[in-house]
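What follows is a set of structures to go through.
Presented sequentially are two complexes of chain A, the first with chain B as partner and the second with chain C.
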Partner chain A sequence: MSQTALNRIYITLSGLVVAFIVLPLAIIVWSSFFANRILTFPPSGYTLDWYRRAWEMDAFRDGFLVSMQTAAVATCISLALGIPASLAIVRYPFPGRDFIQTLLLSPMIVPGIVGGAALFIAFIELEVLFDAQIAGTVGGLLMAHSLIALPWTVRLVTASLTGADRSIEEAAASLGASPLVIFRRVTLPSIRSGVIAAALFSFVISFIDLEKSLFLVGPGRTTLQIALVNYLEWNLDSTVAAVATVQIFIIGALLIISDRYAKLSRVF
Partner chain B sequence: MASTTATAAVSPTPPSNRRRVSPAFGLAAPASIFVLLGLIGPLALMFRYSFNRFVPSELMVSALTLENYTKFVNDGFYQSVLLTTVGISALSTVLCLIAGFPVAYFMVRLASPRWRSLLFILIILPLLMGNAVRTAAWMVILGDKGLLSTLMAALGLSPVKLMYTPAAVVIGLVSVLLPFMIVTIQSVLEGIGRNLEDAAESLGANHPTVLRRIVLPLALPGLLAGTMLCFILSMNAYATPVLLGGPQFHMMAPEVYQQVTKAMNWPFGAALAFILMAVTLVLTASANSIIQRRYRKWSE
Partner chain C sequence: MSDVVLRSIVKRFGTTVAVDNVSLNIRSGELVAFLGPSGCGKTTTLRMIGGFVGVSEGRILVGGRDITQLPPSRRNMGFGFQNYALFPHMSVAANIAFGLEMRRMPKSEIQRKVNAALDRVRLRQFSERLPKQLSGGQQQRVALARALVIEPDVLLLDEPLSNLDANLRHEMKNEIREIQRTLGITTIFVTHDQDEALSISDRVVVMRKGRVEQDGTPNEVFDTPKSRFVAEFMGVTNLLPGRLEQGGRFRLASGDVVPVASGTKAGDDMIMAVRPERIELRDTPSGDDGSLKAEIELATYRGLMIDYRVRTSSGIALTARRPAPAVGGPEALPHGRQVGLSWQADAGVLVPAGEA
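And then the complex of A and B:
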């Protein structure tokens, strides 16, 4: 077999497989502009009306806002917990370091359904114990989302810390800078891109989470992913395609920005 | 963890030693406690509850019984749910492996750097779009009035009904999981020098032989890692079976959700969750060891 023939076979196969991954998303974006009242092919014309309708639907608008807020706060919490922990893991050789690292990455390994069910049961038990509501509240949702974002923060920040030059920190310390000043003026700037990528990734991971949130949403506090699945169980129209399109573009933009700070090919 | 921090701060250790140990614990403690409280503790609690007894009027009664696990073993319905889950996951994973390898090989060995990064973006972006959106996209294609049946009607073919069939679930899962497989294989292929392939080729081996004798054995760790990842993710899939499989199609993850939140049968739901994890673990671990043993024989 000649090299060009071989190349052609691989190009064809790869093209087909990539189309299988990407084309469905392109099709749902396309169908969000259809003027047809019922989602059918081919389109009779094009309209932007579905976007207005999607925004007018309480489930989608509230879901979108809840998801944005949850993802933003969960990102802050996972950074606040994850950056110091990453610093400890990379900079200080302490007993049980590997164990701590595995522990912090474990929310990524335990399946969302299992972790979500466990958290739901624990919340209900706490509710009974303290006679307060947790499971359907913002607090419960935030805890679950911070938990799934944390491993990504730890992974990206530890990678970035490992690559950072330590000698500048040592120089600052020898010149009498306090640990806090060193962290703020030397360490943080040197891992800036890792932190930005961690923030963007944490946001995306929280925003698209479905399995863990399933158990923790309450009336009026439903995330966008749950709203989408609930809607899709009974309907399929261009409203849902419009919501999907908005999500595709927001996440696409966030990921392309984060690619500038930490190459996506190194994240996985 | 917390007690260690306290002793490190209070105990009269020499200052140099204290400076090295205590800040690390202080820095790592909040995140560690957070994971212990939010994940490990609840998992332990749920494991304990899987041995409790379910009484419809009182929901859960404290007990130490295996009846939830024996109920699973004796109930034909749940056995078929587990079998479906394993079967669908195995099929989807194998399809991912077959479809994913050529793409990964093409990206690492044949594509120009520009094409390669473009392909990478095209594969990685969908991975993070969320399963709800990706499954919705397949509903648009496979639905009764979807793109596929319209295209087939236009071509004069009788439309196949795929929506709400196991086939639709497999299609959806393969599409969702392929990026994980490609990225995993790709990163392992990247670490393998191409010298051996070049050498084999210069000695007259044709491409299938090079693949079989050089590339596949060397890439085996990556193939195994990708296979395990896809299998685990598809064993635990929720959105795809619910939306593309329809109400008559049952897989384990939606069943866990049903039992815990709708039926409020926590003991049985908990048992289901741990059976799912245990089966996944045992299957991936044994597949791993079998393949590695077989490969050792094969390469001798």
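And then the complex of A and C:
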């Protein structure tokens, strides 16, 4: 077969794969503008009404705010835990290092629904033990979301630490800097892009989580994703599509920004 | 300014011994080169002095003070890294100011010292640039300024010239020497380049397999190597095994007898090391005057010099380096020419035979 024919097949295949990924998203965006009362095809006309309706619905607006807050706090927690952990993993050969690294990355491997159920059961056991409510509280939800974000933070930060030049830290030490000053003024700035990417990615991963949160949200404090599932149970109109469209654009923007700081393809 | 004393320094990494019982006294204001091939322990020794690598055994004293257990931040040493290790996110001025800020100096004082340091390395106009906007030579000068501005007791340089091209290397070499002389600062630098070591240091410490092989002035190390290894490292290509005889004579393995200036005791198996520059070639092979009969096998033109590969009638292969004749002058010796070959008694340095 000639080179050009091979090329053509390759391009066609790539196009099909991209279409397979993009088409469902495109259809969601498209259907969010349908005027039909019930989501059907073909559209009888186009409207922006679903966006207005979505914002007017308490469940979605509150869910959006809960998701934003949860993702923001979870991101902070995962950075606070993940950066020191990454430093220890990359810099110090302590016993059990590989085990700790695997442990930190494991929430990424365990299916979300399994992890969520496990946390729920653990929380219940702890509640029995200490006679305090954990499941369904903000704390419980934040703990779960920090776990969701942590593997991504550790992965991205260890990757940028591995590539960082250690001799600049030694230079700072020889100039009289204490370890804390070295971390703040030399190490952190040199892994800045990795940390930014980790923060953005942690945020996105927490924001889009459905499965882990499912067991852990409390009454009156559901995340956006759960609010969407609840709504879908009884309704089939384009409100969900409108909400989804907004999310697609927010997340897309965040991923594009984070890709500028750390190429994900080089980290995984 | 301070002297540096290493007392029986040992460094082990697991079961391998990187530095094996090194003791040195480095005088205040001295410029010392640690010279050796890669893996000889020179960089590890330097990093132990700087405090980046722990010492397995032994003590390090600077100005009489035991610093063996001190962290790098409390040793007051300037360290120059092979890759310069400038802080990439800080301007040139901020890089140089860093060490002064760590010493909690007042702002105006820092400003004054940074400017003086920039002037010393002629980089005042680059003070607001980032390191990556500078050339390699400029980066090296910033690194030097940054290390010196804190007025360290000792300056440690790890292969300071290896990342520069030939012209810059020469220039930087002189600059380092000049700054070192002006400040009178005790300086240790690591290199694998014998030229570099010989040309700027007061003293050369040749290292091999974690030990000090020879320690002396550039002249001593160059002219009177104490071992075959040092001789080879200093570019001596003619190593002739033989035995010392009575009456200041040396019998080569080939049976030829050559004069020798100073003898250890007779009967020892030794190696005579003769620099190619010291071998004289005579157009006419006489054989009567103690010269060896030989034949030119190959002549390699090297610009100022010509390297002749010669073989004596007794079968020894040697390299002789003679000045290349000027154009229009006498011709270089052609291949196959019979010559007489000799060297002065003091040109043959005896080193112990045995390990390579």
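Criterion: the second predicted complex is superposed on the first by the 267 of 268 C-alpha atoms of A that agree within 3 Å, B and C clash if a C-alpha of one lies under 4 Å from a C-alpha of the other, contacts with A are read in each partner's own complex, and residues count from 1 in each chain.
Assume a contact is a pair of C-beta atoms (placed from the backbone, for glycine too) under 8 Å apart; a residue touches a chain by one contact, two chains touch by 3 or more.
Note that the structure is a prediction, hence the values are computed from the model and not measured.
Superposition of the two structures on chain A shows chain C fitting alongside chain B with no clash. In the superposed pair of complexes, A:P189 makes contact with chain C only, with no contact to chain B.
Within the superposed three-chain arrangement, the count of touched residues of chain A is higher for B, of the candidates chain B and chain C.
Superposing both complexes on chain A places the Cα centres of chain B and chain C at an angle of 90° as seen from the Cα centre of chain A, in steps of 10. When both complexes are overlaid on chain A, the residue A:V18 reaches chain B alone and has no touch with chain C.
Within the superposed three-chain model, A:G176 lies in touch with chain C and out of touch with chain B [touch as defined at top].
Legend: residue contacts after superposition of the two complexes on their common chain; A:S167 is shown touching chain C, with no touch to chain B. In the superposed pair of complexes, A:T102 makes contact with neither chain B nor chain C.
For the pair chain B and chain C, the least inter-chain C-alpha distance in the overlaid model is 7 Å. The intersection of chain A residues touching chain B with those touching chain C, taken from the two complexes, is empty. Within the complex formed with chain B, the chain A residues making contact are 1, 6-7, 10-11, 13-14, 17-18, 20-22, 24-25, 27-28, 31, 38-42, 81-82, 84-85, 87-89, 91-92, 94, 97, 100, 103-104, 106-107, 110-115, 117-122, 125, 143-144, 146-147, 150, 154, 179, 204-205, 207-208, 210-211, 214-215, 225, 228-229, 232-233, 236, 240-241, 244, 247-248, 251-252, 255-256, 259, 264-265, 268. Those residues of chain B whose C-beta lies close enough to touch chain A in the complex are 20-21, 23-28, 30-32, 34-36, 38-43, 45-46, 49, 99-100, 102-103, 105-107, 110, 117, 119-126, 128-141, 143, 145-147, 150-151, 174-175, 178-179, 182-184, 187, 206-207, 232, 235-236, 238-239, 242-243, 253, 256-257, 260-261, 266, 269-270, 273-274, 276-277, 280. Within the complex formed with chain A, the chain C residues making contact are 50-52, 71-79, 81-83, 85-89, 98-99, 102-103, 146-147, 150. Residues of chain A touching chain C in their complex: 165, 167-168, 170-178, 181, 185-186, 189-190, 192.
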